[in-house]
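Okay, so chain A shows up in both of these, paired with chain B first and chain C after.
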Partner chain A sequence: MPMKKIFSKPASLKDAPFHYCPGCGHSIAHRLLCEAFDELDIRGIAIGVPPAGCAVLAYNYLDVDMIESAHGRGPAVATGIKRMLPDRVVFSYQGDGDLAAIGIAESFHAANRGENISVFFINNAVYGMTGGQMAPTTTMGQRTTTSPLGRSKELEGHPVQVCELFSHLRGTTYIERCAVNTPANILKTKKAILKSLQYQIDKRGFTLVEILSPCPTNWKMSPVEACKWISDVMTKEFPLGVMKDIPSAQQKKGVDAHEQ
Partner chain B sequence: MTEKVLMSGNHIIGEAAIRAGCRFYAGYPITPQNELCEYMSEHIREQEGGVFIQSESEIAAVNMVEGAASTGARAMTSSSSPGISLKQEGISFLAACEIPALIVNIMRGGPGLGNIRPSQGDYFQATRGGGHGDYRTIVLAPATCQEMADLTMDAFDLADRYRTPVMLLADGMMGQMMEPVVFKEPKPRDYPDMFMLRGAGGGKSHFIRGLLLDQLEEEEHNWKLARKYAIIEQRETRCEYFQTEDADVVIVAYGTSARVAKGAIKRLRPMGMKVGLFRPITLWPFPMNELRKLSEKTKYFLDFEMSLGQMIDDVRLALQGYADIGFFGRPGGVVPTPVELANIIEQRYFKNNGPEKRG
Partner chain C sequence: MKGYIEIKKEICKECHLCISVCNRDCIVPSTEYNLKGYHPVSFNDNGKCNGCSLCAIICPEVAIEVYRD
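Moving on, here comes the complex of A and B:
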């Protein structure tokens, strides 16, 4: 029986070994993005903005045009690109410190302006690249190198729930929280990425996909334990699911017709 | 168009930028440059593809400019002193990534929140790089409304030619002042497609970065920038000589203080005091050789600033060992009058009917 190829490297993924730690979620998220570029056939018109953080070298893996951003400024850089090139697919790829701490203003206002860009937000509950310090998304009681006794609401406040917060902004059209800790969740994440990019192609405004992502190195766990910790602990603070999805005018019309 | 129009400094910068092909402006309101922001909100949007964004912060503005400029668009932002401090992160990134952009600083009194009066207190920040790392920005200092128009256009050309951020450094008085101006015809733009980030198309993808984790690679990038800066220093200095031919004393001043200096000279000359003005138009690169050459004829120089002695460092580098260097300046948003400066010069240099070293 002739062999059939059923799985291969996405064309939009460069042929370079990932520098990420074993068990890290970035490499999965990168691959999903590249699969989405291939499936939507947008490799040639995609322009990405990687963050300062572990994914700063994303341009070594994603075979699309990219420009480095200062820490947290991705959505501002993406805004500048998208406004000059409205027919390109522009995305920022950001970590939790990048998006929810130092860059919260840029993210919040890009969302509020309804910039027609996609934001892919990797939430691993710590500052990964700098060695596991507390992030705005560190969970309650979680020990990090700068919250050695565990995050407390008195001293550090509550973790920032980005999806819930941003879904209140009227410029946003689609916001979903996913995870890459199980095969089923990875498939859901892929669908969310595709949807976000499709919404942008359809000029429907700001979309954000949050991806809960394991960081075994800084959580001091094995990769398997890290995936389990996402299910057991992280999803309690950050429930998975679609936070917001505004139907398009066409879909709305369909619903109205159905109701009549 | 060669029609002469009467406009204020801030509006002139905006109009000149649009005529030069600037199609992206992002900024945040701050006095005394608000009129520029307002002008752009109306007029850049009249251009096809022209984008104005009132950003959420100064930091966002300069990063939006980075994004827009990376696509190959001519882009600019403007602010005043405290806002420019916030933009330094982005200016450093623009320099590192070799992205052309215009940053306008309409200086006000400082440090801190200071006040909204005209000042020249940001000279160090502008000419020494301002942000982190080994880099320079070209700094243009207009002294008339006509020059604001011309230099704004030139700034975009220089930014393109050297792929580097360029700063137009003026102050609150220049921004508010009205003078007749004629907008020159902008030069056709010459900026290669290869530097524009527009999507890979069917070809190879590329990326723009300043991050070079290997220290030898980063060192080489720094040397590359340094070679570029050396060429800029050789080729791009600009200055004005005003009645320096027979001068016993030459004032060194830029921008608004140069205007004050001219007023003082016009008072001193009829009284027989031979005073001239050397006015740097580029603050970086500073016209070092041009100033030093003047010391062949003139032995007394007075550095005059609306700050506490910042440009004097460059004046000393040019003249130390060649001539006597004096200083007069007032910080904090005070604009000295021509009479005040004339009196200072008369007392210091001419009290015995001849130039004399100040005691």
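Moving on, here comes the complex of A and C:
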């Protein structure tokens, strides 16, 4: 019997080879997004906003319409696009320097307004593109080029937990934190991305998926060690899981009420 | 169940994540070079590959295609 092809490149991913370092999580996140576009069949109506950072060239890889925004202002630009073209699927793809540092105001207020957009937040705990400086999400004790003795509470403060912070806003609908360090976590991340885009299509409101992503180059580790470091250290600071999921909670409540 | 994988050697960046997740030693490092100067991994056809796709799921470069009967 001839063998069937069961895994290959998604159609929404262009043929260009990735410019990312070996073992980078950005390319895994790109692939998952493209798989989600194919499965929901929204390649023709999706509009993305790439960040400033390593993924600034995301439009070279994702075969959907994309428009670059100023550093950190992705959710503000996505808000404008979504309000003018409400039938499109609008997403913003951001790194931790983009969303949690320079763009925290725009992201926070877009979430607070409950804009009907999806935000994909790649958290790799450092500023990757500029050479591994400390980011707001750098974990306690982590050594970076600007915290050479390790991040300390007194000098740099605690890391910003974006998911926990945003889940307290009444405008947000669905917040989940995932990782792309093991095949099991990658499949969970894909489910979260699908859910987020589906909620947007159903007009449920603001959704955010945080993706813990390895950065072996700036963590000064091998790719395999970097994936292990996410499990051992990073998930202690940033626990994985669903922080908020109003539609599924409502559905569950509805089922319970029906049963009674 | 039998399977096999095809590795696109020119886009492999030698991160070895596929080797770390394969439970059956079906992927091995190699000593050849690709155009970028990396040593791409190669498929070790030991008859144990069952097409589980773990390597393809974790491959950041989407360099692996999986076939299964």
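Observations
Convention: the second predicted complex is superposed on the first by the 252 of 260 C-alpha atoms of A that agree within 3 Å, B and C clash if a C-alpha of one lies under 4 Å from a C-alpha of the other, contacts with A are read in each partner's own complex, and residues count from 1 in each chain.
One rule holds for everything that comes next: a contact is a pair of C-beta atoms (placed from the backbone, for glycine too) under 8 Å apart; a residue touches a chain by one contact, two chains touch by 3 or more.
Every value quoted in this text rests on a predicted model; they were computed, and no experiment measured them.
When the two complexes are overlaid on their common chain A, residue A:27 makes contact with chain C while staying clear of chain B. Legend: residue contacts after superposition of the two complexes on their common chain; A:187 is shown touching chain C, with no touch to chain B. By the document's definition of touching, of the two partners only chain B reaches A:66; chain C does not. By the document's definition of touching, of the two partners only chain B reaches A:78; chain C does not. Those residues of chain B that touch chain A in the complex are listed here as 23-24, 26, 49, 51, 53, 55-57, 59-61, 63-73, 75, 89-90, 93, 97, 197-202, 205-211. On chain A, the positions that touch chain C within their shared complex are 1-9, 13, 17-18, 20-28, 31, 182-183, 186-187, 216, 222-224, 227. Of all residues in chain A, only 43-47, 49, 56-57, 59, 62-70, 73, 76-85, 88, 105-106, 108-109, 113 touch chain B in the complex they form. Across the complex, chain A is touched by residues 2-4, 10-11, 13-17, 20-21, 38, 51, 53-54, 56-58, 60-62, 64-69 of chain C.
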